[in-house]
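Below you'll find the structure, written out as structure tokens, and then a few comments.
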Amino acid sequence: MFPGTNCEHDVAYALQEQGATAELVWHTSEDLSGFDGVVLPGGFAHGDYLRTGAIARFSPIMEEVARMAAGGRPVLGICNGFQILCEAGMLSGALMKNRDRSFLCRPVHLRVESTNSILTREARVGQVIQIPLNSYEGNYVAPAAGDQVILRYCGADGEVDDESNPNGSVDAIAGMANAAGNVAGLMPHPERAIESVLGSDDGALLIGSFVASLQPA
Amino acid sequence: MRVRVNVQRRPGIADPEGSTTAQALRSLGFDEVGTVAIGRAILVEVETDDQDEARGRVEEMCRQLLTNPVLEDFEIEVLA
Amino acid sequence: MRVRVNVQRRPGIADPEGSTTAQALRSLGFDEVGTVAIGRAILVEVETDDQDEARGRVEEMCRQLLTNPVLEDFEIEVLA
Amino acid sequence: MSALHRQLGMTDAEYATVRAILAREPAPPELAMYSVMWSEHCSYKSSRVHLGRFPSEAPWVVVGPGENAGVIDLGDGWLAAIRIESHNHPSYVEPYQGAATGVGGMLRDIFTMGARPIALWDAIRFGPLDDPEAGAKNAYLFDGVVKGIAGYGNAVGVPTVGGEVEFDDCYTHNPLVNVMCLGIMQAEQLQLGSPGQVGDIGVLLGASTGRDGIGGASILASASFEPGSEEKRPSVQVGDPFEEKKLIEACLELYDKGLVTGVQDLGAAGLSCATSEPPSRAGVGMDVDLDAVHLREAGMTAAEILMSESQERMLAFVEPANVDKVLAIASRWEIESAVIGSVTDSSLLRVYHQGEKVVEIPAASLTEDAPKLHRDISQPGWLAELWDAAPVAGSRPTNDETLLALLDDPALGDPSVVYQQYDHMLFLNTLVGPGSDGSLLRLRGTDKALAGTVDGNGRLCYLDPRRGSERLVYEAALNVAVTGARPRALVDNLNFGNPEHPEVMWQFTESIEGISVACEALGIPVVGGNVSFYNEGGGSNIHPTPVVGVLGLADPVPRTAPGLNRAEAGMEVWVLGDFDTIDLAGSAAQRVSWHVLAGRPVQPDADLARRLTEVAATLAHLVPVLHDVSAGGLAVAIAEIAIKSGVGATIEEERWDHLFGEAPHRLVAVTPSGGPVETVAAGLGIATRRIGTMGGDRLDIGGSNTELATAKAVWQSAIGSRL
């Protein structure tokens, strides 16, 4: 977690609910030994000042995160965490302000496009899930060849069109992974959808996939 | 004509984004950095060949819409 | 030295803020407005008397932190 | 006599009091401190003598009015802190920053008490969006305020889980921005605004001090005070949610480790207030060194440093042995800190600047000697005529026309344009979020949940401030009860006009009476509040607009809380409570169809209110849909359920006055047949009537025949189409 991160407790709770043991690590730490995987949670690291994720990517911890990614360990970025992974070059592309320049907090439908990732391995291609989106800068641009699209915004029926694209992301991209699938990022918040009393438990599928990817180091 | 408006926060008004950025630059080793201010650069294309007219119209746009006089000062530069 | 960095979106990348602003200006009666682009103007104070050095250092800052090459182009102006 | 005090907004009499206290002429920094601390905003000079009327006791009250926030006991070792505050005038000057800094200040009051802020509510009021002249400006203010609340609340990481929006001409020159915040803590984490022991050290934490909001007006720009200083114009405060987030975490860690003996936030009146209030509460004094304060701007005078309202600052009192630990924690959270003074046994506040003593005054005189005014009170002459007038005249429009006109009204239409800009889900507690009546948040680790709502109604209170205010409390209580909670505490935000007008003071005291009577009837204590006077513009005062926030406790948590979206075809529609009384005075239908404000709202029934609230809190655990009838009346309440559930309804009531009247004490329940409505209601003597059935794709309300899809489209675009 970075100064300004605010979803860290929610993510830890969701990981624990899915059977993992989670510990919060401060961004100045330089040691992730003993951990099997990393989640960069959402929030507003460094206030989102300058550009989302721009300052955070220089935190000491990010070298360790990069090392884990290179070693094939699962690395997941949610919302602001996704923005940080993009700024750090661990995923391609960048995130800009939403098309209509308003913060947007509401559930969105997502279609699973690939199961070759730590986030989607337990899902089916074409499966439609519902998860809350909560961001101002969620408008994804410019994927590079080699990386894969794992989630797209869609309607309840799985149809991808302009109307179901909440923020103007290119090709309705909601989540990306690297070619190996061990580094993944998405704008919506799966940790907010792990219990039906909160509106949806579809997020458990994604968090569960991540947890399943954490075989002991 | 292309006109650029540089919008900056009025002196004395807090600029948390600027000061956070200055700090980040220093911690990256740019010790020579003093204050940093982050404003907006607005490029406007105006259909006219008259520099003065372009400037005048854009000034009017700034007053009406482009800037917030409570927080911001602006400067106009006619580019070409 | 004071250095200004003008950051603008790279060509080809959508600028909904710019086009909404252009439209708003036209609806206010500024019919002569063409495209509008909204970027950032970053003012950096650098402790040095050497113009070239100031420019070089700020260029380095832009590359490392101030701009994102996926989205943005930048121009550096040494003011004084 | 110096004219400086007048430029600082003090009367000659107040100035004379200061001279009497000091037995000498005050120095400029001293006068500056008195002027801000004795302002209406800080001293409550016009309202103080009336606020004692509020009932503020109950067995579960831990901290009542007077501290930074009210605190109640939730059981299981948990406490809740709650507070409401306005930022009306700053939001008119700069809507984004005004609203943002309002949120920031509100949060500091909560974490000053030791609690982690977990939820915000916003009650916001503007001039009409489609006003031919002021519409564009009103829309700008509306958009800026919403974005400011979103920008600050979302980034600082506190969800905004509910609120209300209203539009009326009277707010065109003076929008209202009220924010309520809820925090929770373990009982042992409670902090009080004490200065600790003599010898304790004052540590200033957080943002640096600049010339923000000095005096709130251009008082310091005057030649006599600051010769020739154009660039020293007082400036708008800018919020920094990032700094606040770090400050919250740092403070909570300090409390957790037991490292502070007291803490005070820096809000209005900045250091003047923070260095005088805690010592005066404890009868001690304080020495303060302004040279130690970290400044954002060079060349600030002592008075400027003392009056600055720079945001995101806290003053902690720390035992000398713990100072290093406190500074270390601050630096770990990447916030600045400075040792600026110490608590003394002198009872004096002494302030040093550039090696000189610039202030030496009795600390308590800033708070305790503040003026208390008994302003003139008189009932407005124009009321009698309004009360005599018929609320609506002539024949009624059709039910169809009226319903569609109401759904198209921005105050009744879909507010999701607003609340979708707010993170309302963070912390994974939101069982019922914005878009129904009250909001419900689970309290993890227990089988309880907290419900909250904010409600105001300026039109009703204009026609009768006492009845209007009393009804407001009943409505708010029902809004939390329909989530399955019982009301536990109330906070009030009293937005009124110019207190120098006797009729405004009449509205004010009547409103306090109405709120008090209702609280007594329901057994809920008033644990805090805020007064905002001088809400005027365009030559007139705003409608008297008290806003109440009610906090409820659900114990246990309803297994599935009622939702407006849970009606299904075939379910029965019931009305509970008083379905005979007709009241159109101040109603939405009166405004939308007649464009008038007239009549006298009916007197509510306190005992009925109490019983109906209880029935609602019980039924909420048993039925899928429970909704109180408020603005727009029965027809709109049912339409909202149908729209959100995506299923039509056939309703047998056809009398216009009954469908669109807004008499208090009514609930709508939707249940499968054989549901528990009748039995539960009968147990408390509440009347019930089955009025229809859910089903189909039309809204057939008393023979009206609107397509559900049409109603939904109109409702959804009520705000958006006017921006």
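Note that the chains take the letters A, B, C and D in the order they are written out, and that residue 1 is the start of every chain.
The rule is simple: a residue touches a chain if its C-beta (ideal position, glycine included) is under 8 Å from a C-beta of that chain, and two chains touch if they have at least 3 such contacts.
Fair warning: this is a prediction, and the values are worked out from it, not measured in the lab.
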{"item": "Selected interface, A-D versus B-D, where C-beta contact pairs are more numerous", "value": "A-D"}
{"item": "Euclidean distance of C-alpha centroids - chain C vs chain D, Å", "value": "40"}
{"item": "Distance from the mean Cα position of chain D to that of chain A, given in whole angstrom", "value": "35"}
{"item": "Mean-CA-position distance for chain C and chain B (Å)", "value": "9"}
{"item": "Residues of chain D engaged with two or more neighbouring chains", "value": "240, 242-243"}
{"item": "Shared-contact residues (touching 2 or more other chains) in chain B", "value": "16, 20-21, 24, 28, 38"}
{"item": "For chain A, residues contacting two or more additional chains", "value": "46-47, 49-50, 55, 58"}
{"item": "Touching pairs - complete list by chain label", "value": "A-B, A-C, A-D, B-C, B-D"}
{"item": "Of chain C, residues touching chain A in the complex", "value": "13-14, 16-17, 20, 65-66, 68, 70-71"}
{"item": "Residues of chain A touching chain D in the complex", "value": "3-4, 6-7, 9-10, 13-14, 43-44, 46-49, 102-106, 132, 134, 136, 189, 191-192, 194-195, 197-198"}
{"item": "Residue ranges of chain B touching chain A (in the complex, touch as defined)", "value": "16-17, 20-21, 24, 27-28, 38"}
{"item": "Chain C-touching residues of chain B, taken from the complex the two chains share", "value": "4, 6-8, 21, 24-25, 28, 30, 32-48, 57, 60-61, 64-66"}
{"item": "Sites on chain A touched by chain C in the complex", "value": "50-51, 54-55, 58, 86-87, 93-94, 96-97, 99-101, 141-142, 168"}
